[in-house]
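Okay, got some structures for you below.
Shared between the two complexes below is subunit A, which has subunit B as its partner in the first and subunit C in the second.
Right, the complex of A and B next:
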């Protein structure tokens, strides 16, 4: 039974409410996860703080080498934003992979992180970009890498009274190749069976920098640093990418152990890795 | 908790309603306002039958709590016709046989309407994308896509 529904217009008001309300409070942003869980009876909030009217959390801006994305920015807004399309197109790809148009019009970037689903579509992109969540509570701010904020399936290290207010991601250097793919039962409304993101910076065919994540394959999204370290400094070639595919497969197996789905998932992890690297290398035409 | 007073624009008219804060927009429309054109399907945001337009965007009304519509403009399928005349999109659905059982139709119409409000001349791919969150289990999508395309011309 809801005892209190609070709809502040300012972040400060939301933080004050959270600091004084005694019962379990749920934060409502886009509602696309919370309302499903409430309907299933899995969540019975006593208090709801509805952030949807707080305009200061809905902006996207460039600050030096960073792009700052308000936590209440919806997936549709993120995908359509000129700065995103120009600077980090892979963010738009991740945002477009979410649910359906209706879900993308409601669901938010901050919510995707706070819900911490292992199958989140956008979170792997944020992690690949070394995204940092800026978290507010009544007496200050803290910054935590998105990869550390998510500590397990549907678990974050957010404490009561805290709200994710924005995410800061690095703008990749010019000429960075980017790729995002989602593997699901169909294009729309599918929960990711697997997804993946790759950022690749080459200099004269030598791999200078690479960020690789296969998402929905492990309990929490994280960069596959073993694969990345193997690739950096090497001459790019199809053979090298095939090796990376095998390594990614072994990485997932090492994290999750053998599971009933492994026979199906692991070969796809391998091919998805190769494909992501190829698209980041040669563009979409690599698989046209 | 007592009911909250919510003011918003519904199909071109300002309305004020009293509703419990955990009521969804879908429930409000169907149970309190007798606007049963908006259909109740899965109630978890997967079927699109409850699609309405809020501030020119298609959304699942089952995924919106009533207090969230405060100050917004909401259009339901009942708001499409003007002065007793069906909207050109509705006429196109009839002309192109884009209706069979009719259950998905209001949601399809609202997703299509939101598309045309923002993009009057969509490509076939854009039409498919716009209705990708709406399930139809009988007509098939081809007539629906055709109906939307011909309404946009």
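Right, the complex of A and C next:
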């Protein structure tokens, strides 16, 4: 039973509350996962700290080569932000792929990470951008790459008393090709069957840098470094992308082993990889 | 006549949030109910320990089957509460009555039920085998139905080509936006039940049987209904009875409202079918024989299965002339969730199979699929599969309009030229449908409707019927009929809420019978008023009654403009002169002969026809299908309101898209897995693209003002048109529903010569 519901205006107040509250306490950001799980009876918090009125967690700003995204920024705000659209349009694609307008209006970037669903729509983009989560607790800050923060399906290494306050992502160099794609059973309110993101930097048709993730294919989102390393330094061609597709598929098979869903997912991972690379290479829009 | 649309009578209250749904109603001193359900697919209840539940603060009572004063149910029907054997994982075992929903929930969790697990059976074919666990009776057969015409063996001998195919359709959920709910209020005289249902008198009957009370002492009031699609009949009866039981025993108002999860776990579904077709055809495209074997899953109880399977067997050949037919349909009890009525009622399954079959035959013979339908399609005086001489057949008109609207030949040719080397391919497919209106002679029960009109002193009118406004526009249709007959404005007609205390029994609002049967009853009521008013007006004006015309709120002599009087003045005159201002109509469709043994005769007094086409876009890499354009042509006899017709078509097409591509109620070992809308996927607005409704108007001989029903027909041909379009795009076929990502990708890869496990 909920004994205390606390809605602070300042981050410091939230952190203090977390440090002193005696029972199980949950953090409410947008509530799009928390409330669902509470209704199902899967979690029974005694305390709730609602971050939604903490303005300092809602900003998006450019700091040098980084874009800093407040943890309480909603998917709708992220997708519509001029800096995001100008610098990292693929973030907007990932944000727009989430659920429905209602969910995008409530769900937050920090919440998407903290929930750690293997099918999260935005997290793969954050990981592809080498996103780093800045985490606060009562006496200090720590920074952890998003890829390391998520340690398993619905599991993070967040400790009691900690709050994700912002995410810092690299702004890709100018001329970086970007692609995002979500595969769902329907066109809205779908849980990703698979999704994927690709960033591609070419110089004279030579791949200088590439970041590739197929999400919802593995227990945690991570860069497909074996595929990336194979690609870097090579001359881009359709044949090369096809090879990358096969490698991505083998990568997923190696991570997950054969599963009932493999019949569908493995061939799609291959094609999705090829298409993401194609769009990042030649596309004029980031949505594959 | 009826060319302009009128404002729907229920639209303002709904759009402004003023409509009161059952869950909005509050009564003093109200109690709340929660059902304790058996989690096992087949189990004997050994004991029910109420102690812990009763110890919870706020829990007032825990009721079980022994508390039921009347019948827990009719034989082989789903009990209000299980007396001994639970037959599916969802059967209600006990009912917790409490001061708050929270206490009721805690109480339900605290009730301890001891079960003896019984062997269960989930596959209809397994259930038919000797030694299979018995759900009911001694062989698990829920119902059988046959249609036999001519000699199929001889027909196959004549054929140049014989094709055998198997089709499987899946179990789907009605998913009305309002889950099941009921409130029962005990009164000095009896019980008043507030319940959204499409069958108010049937629900009242179930409550009366449960409570062992006369039907007239049960008053069923129908608040605003949040959709039904066929679900709010027996399911509503169960809830209404549970609420009534608790109300009577506690003496307090009792409310029962399901969460979406409870609704999906407990409520009835569409029958899944396995259908085996063998068909013979000559090189010229003429069908010679068809043999059909259908096995359906009735689930744990009988419900409307006998009627569903009967309709399926009658319509199994599709709207085609087949000289020799042998159809055997059987539905079988299993320990799965119960199957019952759902929009289409046995039509969509066989329309799916027969239309995929027609398409494949056309392809094998190298005949254009639309032309193939024309070659075999029913025409006036054709003999149907049941040997009925068909009249007023409009299949060709529907095909004509379809051909024009989608530019069939040229679009087909364009698509043939498309570049198929990429990952996106397009396809065009069509499907036809026909469907018997209302219950029919084959016996879906007696078919009748009563309806009443009272003209008030000011000439405004109150309309009484049991028509359930489930979102289809049924009340607006009734208003339109009365308005046309009496020549008065629709805004002067008020539709009474459905209250079994006052309204005549119009039968249930099912089987696409609202317009056809209830519409006729209200037409007769209006004509009675018209005759009475004509007499009074004739006296006033000094003319003969038959000289009078009712139009624009006036009654007048067309030949003499001075002989004119307002409708409202005559209404006042009736009251002054003690003349009846009431009209009463009772209508029943004509019943033809029916030979149950052979399934031969006049199955239905009238039929509706339609033809649909879908253009799909397939992503071969992902297995994803988008229905980019859907043209739905339907003969509605006479569109009583064109906008309503278009809306009903759009709704049916959307539902059909869900049926074809994504909806799928997953049941494993009798346990429903997809219990909410995050996993049971209905199409969203982003999944529905262009829908083009096309109206054909060939007046019906029987319908009011020539109108025909449309509610269910709009669903039937959608899935097969889409699946035929997918086949056109792929060059290979998906035979089983749904054509989801996995099924389509599998076929796409097979078509490209890649094995699914490579």
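Quick note on the criterion: the second predicted complex is superposed on the first by the 283 of 288 C-alpha atoms of A that agree within 3 Å, B and C clash if a C-alpha of one lies under 4 Å from a C-alpha of the other, contacts with A are read in each partner's own complex, and residues count from 1 in each chain.
The criterion applied here is as follows: a residue touches a chain if its C-beta (ideal position, glycine included) is under 8 Å from a C-beta of that chain, and two chains touch if they have at least 3 such contacts.
All values derive from a computational prediction rather than experimental measurement.
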Which superposed partner A:174 touches (first subunit B, second subunit C, both, neither): neither
First (subunit B), second (subunit C), both or neither touched by A:183: second
First, second, both or neither for A:271, with subunit B first and subunit C second: second
Contacts of A:106 with subunit B and subunit C, given as first, second, both or neither: first
Partner touching more residues of subunit A, whether subunit B or subunit C: B
Which superposed partner A:193 touches (first subunit B, second subunit C, both, neither): second
Touched partner set for A:263, first subunit B, second subunit C, both or neither: second
Subunit C-contacting residues of subunit A that also contact subunit B: 100, 187-189
Residues of subunit A that touch subunit B when the two form their complex: 1-5, 7, 28, 30-32, 35-36, 38-40, 48, 50, 52-53, 76, 99-103, 105-106, 187-189
Contacting residues of subunit A [partner subunit C, same complex]: 100, 183, 185-191, 193, 263-264, 267-268, 271-272, 275
Contact set on subunit B toward subunit A in their complex: 1, 4, 20-22, 24, 43-46, 48, 51, 57-60, 62-65, 67-68, 70-71, 111, 114, 129-130, 132-134
Subunit A contact footprint on subunit C (complex, rising order): 423, 621-624, 662, 677-678, 681, 683-687, 740-742, 745-746, 749, 754, 756-757
